[in-house]
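The following pair of complexes shares a single chain, chain A, combined with chain B in the former and chain C in the latter.
And then the complex of A and B:
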């Protein structure tokens, strides 16, 4: 996606909600695995706000929040607490959301992204913990509340733990916004903090966007919600830039408001009649003791941080001498990177291994629609295959057939090589000479041209060499074949 | 002496010694209840069948020689804001009129686990908001010492029940005096433990940072036994402290107050106090002196001047949020409306009483942008200063004596019209709540007209056991309260049958 044209500088800040990878909800022991469950079965007295119940903090959620904060170079707070955000809505059983407000768990920090004009640092304002709400279901054809005779509410999701990462307004284009979310998701996945699936809602993005004035001062910001894919983040922001430019160009004024992205129409719409400008009457949550994290615990969290994407990228460049492009593909998912490293550690040459993982392994798993964790060929087996290719025991072409057989039939490498039609024995010596003789016979005219000395640039000889390699199904060593051909052509 | 006049300890001992069965006790107490309930109106729900069944179970366990708990066979009554599995829990509100919890409050589980028999759920001011037990769906509870007077509140039903001999022990909740003041009005002992001492899980909240489960009884010893059952860490309430409690009844071995320093509140000025209650305070101080304590006058300027305002700002703000869950969707009363907002407003207007609505509206205003900075924020700061004022005094004193209420139990209907006047009656109890301190109402006998006198003994936070020890010495000198035998009107029209 190219850089969008805007008459005025674009300023974007993002609020990203990540559903934390815990097995239970933030304040009760209900499961977080709510998708597809019968409505209102994944609930208990606590998350239904039954009178008399009290929240109990999920320590795992606190640890994951701190972990994500550390990944974002934030300062983890020794003391943080929760507030109540009060508003009435049927999906919120207590009529307040328990959220961190004044003292969030992680403050400050940054994330480096590939900006439109090169590397860019996006500052992180803070990361806080909060509970998710339930879901309303409106029995109208378009699923909207307007016109519905009644609405249904499902509390299965209510109380699922979220961390909200709030950036500073440091992004200057929809592409940068998308890149930021991509990198944030990658980090969350590296840290096992969140699945970061936008489709299932475990990653949700709200954007604040404004166009700066001629004097450089910030314009009025508009909040965009309801962007359900990476593509829609970009599209919604592009639309909004166009809309705001148009309003300003015609002498209009931007209103501070929340707008919803309509993906099918490709427009943002003002959220009318909603409690957007409400006063949430935040005040401290007295039912929960404050979260206290000691310096020792923070150190422990730090020790538990695995290699992060940028560290892995650096190491891959240093240790394996790969290109930026190769590294970017291989490190996108830590599981793929681990697979690649497994192949190299099992003895495959790094560059050829990179090529094979990037081109062939990814092709196979994309075709199968599975992930690298579901890929059946063990790194050691792929390493062996890659090594055989490197040693010219197998050609690339046969190698691909072998890989397909390994995936399809789950057989051993030896079986796969045999069944691919290539015997592991090389075509060499007199058998190779025999094949060359056959090829020469079938192409007597070409041989004639060469022997008459007209093949000054060696193009005809190369042509014959190619035919021999093809006929040998790659079992001939290209170098040996070239030498034998020269000998038999008496060159 | 009738069984219903015995203390919890005497009942438990009698059952263990097989002087009488648990069923005898429960049936006697139920009979006492039904003979007076038509006049007192202390209970919202009487769980007669399950109580008798539980008592029989205790008897058969005793017959089998099973281990039985410290309160085995002792009937008790819980305020109707304690969730009790299978027993309707109304909070005295129309909004929960037909609500039956699916779980027991931790305090109820602990009492049941100790062998106590839940006999009834008692009357209260709606959602524990009030000081007279007049704001109730079943109408006011009467004071058993004088049926024309209020029993205090909001745990007025529990206090009246214990005073009248329905049961030796009852549970209440004390947010700003809701157990200490009705104990004072009904002439019994009542203790608000330190905040964090007893789990609040399952007690329908009024104000989270102040609510505390509090026992009522006719002896300090029974309070100590109740505390041994109730005060323990609870994984369901993270504000309930996780430390090992001392054995509360051990503190009762205290024989005198030698070496103790007790501060006696002398800061009366703007706040008038009833002459009889002033007399009770003076005689309590005399008892302490005669038991060997050093007595010194103290003043609590911040607590007395700012306590009520700070308390109401804090508690009302919390209440507005705490009661927001009653939206007519998941449980409780529901009134339809054309829109979502109408449904909320209709449900809450129809089913909350006037005092609850007043407090929700005030609390909502207090948290609103602008007001928060002028009220809630400063209230938090004043609260910190008040805690400091108490802490400073505790460097010199082991405990303080002050009145529980500035006034004697007043006539029914007298303060309903003037909520502010009623709020001022909490002047001596709310600062103790804001400080998270333990406070015990100790009966100081009756006036010539038979009205109860009392004093409030306050200790340092988490010093509950030692405070019970001092209270037991005072009780020994002042006399343990007896049960009230209400002067029943001739041809009285029973309010409820």
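And then the complex of A and C:
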């Protein structure tokens, strides 16, 4: 955090687009499932703008927009409507985008984040609904992107419902901007409003950034687009702070403009021909009735809101006595939090269960490249394993082996314990001596150093002890092993 | 207030809308636009004092569509009607400012 120290205070506001989790598009019945589809198959006369067609709004898109608005503590509007945002660009077959402009569905609100200097509240200006555009493909000629005189367009994505969350300029660093987007994505996922994948484009971020003037007044605002990952949000904003500081320090002026982030070059570039708000010639969409949401409906939406991330964090702290760090990892995804609760509800001690889910379960998931929903070990089984470790029936080391066996072979817990060799008796007495002798033999040089009295601080002896514990797969008692080692080294 | 357009404004509107108008059609287009403007002026003359805004008078909630998908079976026809296609894509003019 805070890689770049800006000479002037930084002011950042974000516009976040979320593709809503609907099956059909915002104004027609075409499927929203466009990833990997044959181009122009999820299309119909409405989303291709055939004259004479009428859009009709998707009920679920309205519900999801309101739901996200409620999660952001916004005021849901009883009456909102759509406008046409005009611009000539071939990814829009109508030459305008249907979007909410004057009267958005949700207004006001806030999102609490962990700011650079502690808890921080980012105010939300509003949330509005709009349709996504199609996708342009620029063919190459002779391997050059600039060669062809035409572009190709796929309208499968055109008309997919989006909600745009517009924040107030309340963030003061790239790290805070990233944290805000992280929390927003978490909220969208908790609410099942959007999958929030930046990689696939279901979450997109535009940033407005300015540096304050010496007298404290706001500087000229620059808009940054084309940031395709969490890392690139931070990098692009850091670059832009550096660029603007340099321009101002050399007596230059910041131009109000839109700049594109180039991830491979690590720079922002001015985007020419950007149309300004007045050029969009917004006017009311007369083909669509306004969205009327009754108070009863808003109440219903409120009742449907599940436990939200911050509520879960509070409850985990209260009920399980976990640290902030543990809670943050366990509640990042609601599926992982549910798994952890399943383990605790099945009788595992909360703290040890937290440790196991956080370290071991996540390790296995990461190695397998799957998600917690694809994790094969049932919470009750992990609970039993964790209880055995808590009761010292199994060591931690053996427990990890047992978990790996459970995951790999899908066998029963009993089987896995038997096969891990943990059911044999504790390693003690002569068998422990035998193991120590083997380790000493394999490390004769170390033993030589110790015996010649050169191991004054005992570091070499500790090294041998560690090897013995590792070789015993946790089945030896550390104290007994240390005593036996001393005896055998004749110390 | 009644507005009207002349030939020059008509041509400017056509340019703004990116429509090509043949010279012999300009007068006809100008007359059509003026007819529309006259009708707007006529409606504007109505005394609507005390008449509430129409959209606010809806007693019933405007209908919404259930979130159900349906394939448009006749979609091959879009390709037949398109000015230019390239495989499954529609071919469109390249925007000059594009990278």
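The rule is short, and it goes like this: the second predicted complex is superposed on the first by the 409 of 491 C-alpha atoms of A that agree within 3 Å, B and C clash if a C-alpha of one lies under 4 Å from a C-alpha of the other, contacts with A are read in each partner's own complex, and residues count from 1 in each chain.
In the analysis below, a residue touches a chain if its C-beta (ideal position, glycine included) is under 8 Å from a C-beta of that chain, and two chains touch if they have at least 3 such contacts.
Here the structure is a predicted model, which means the values were calculated and not measured.
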Superposed partners chain B and chain C on chain A - clash or fit: clash
Partner chain(s) touched by A:210 [first = chain B, second = chain C, both, neither]: neither
Touching partner for A:153 - first (chain B), second (chain C), both, neither: both
Touched partner set for A:49, first chain B, second chain C, both or neither: first
Which of chain B and chain C A:38 touches, first, second, both or neither: second
Partner chain(s) touched by A:287 [first = chain B, second = chain C, both, neither]: first
Chain B versus chain C as contact partner of A:232, first or second or both or neither: neither
Contacts of A:88 with chain B and chain C, given as first, second, both or neither: both
First (chain B), second (chain C), both or neither touched by A:420: neither
Chain B or chain C, by number of chain A residues touched: C
Which superposed partner A:475 touches (first chain B, second chain C, both, neither): neither
Listed stretches 242-250, 350-358 or 404-412 of chain B, narrowed to the one that overlaps chain C: 350-358
On chain A, the residue positions that both chain B and chain C contact, one per complex: 45, 48, 56-57, 88, 90, 153, 289
Parts of chain C lying in touch with chain A, wherever the complex brings them together: 18, 55, 58, 61-72, 75, 78-79, 84, 86-95, 97-99
Footprint of chain C on chain A - complex, ascending: 22-24, 29-32, 38-41, 43-45, 48, 56-62, 88-90, 136-139, 145-146, 148-155, 271-273, 289-292, 294
Complex interface listing, chain A residues touching chain B: 45, 48-57, 84, 86, 88, 90, 93-96, 153, 279, 281-284, 286-289
Contact set on chain B toward chain A in their complex: 82-83, 89, 91, 96, 99, 101-103, 105, 200-205, 207-209, 235-239, 317-318, 320-321, 324-325, 327, 329-331, 340, 344, 364, 367-369, 372, 376, 380
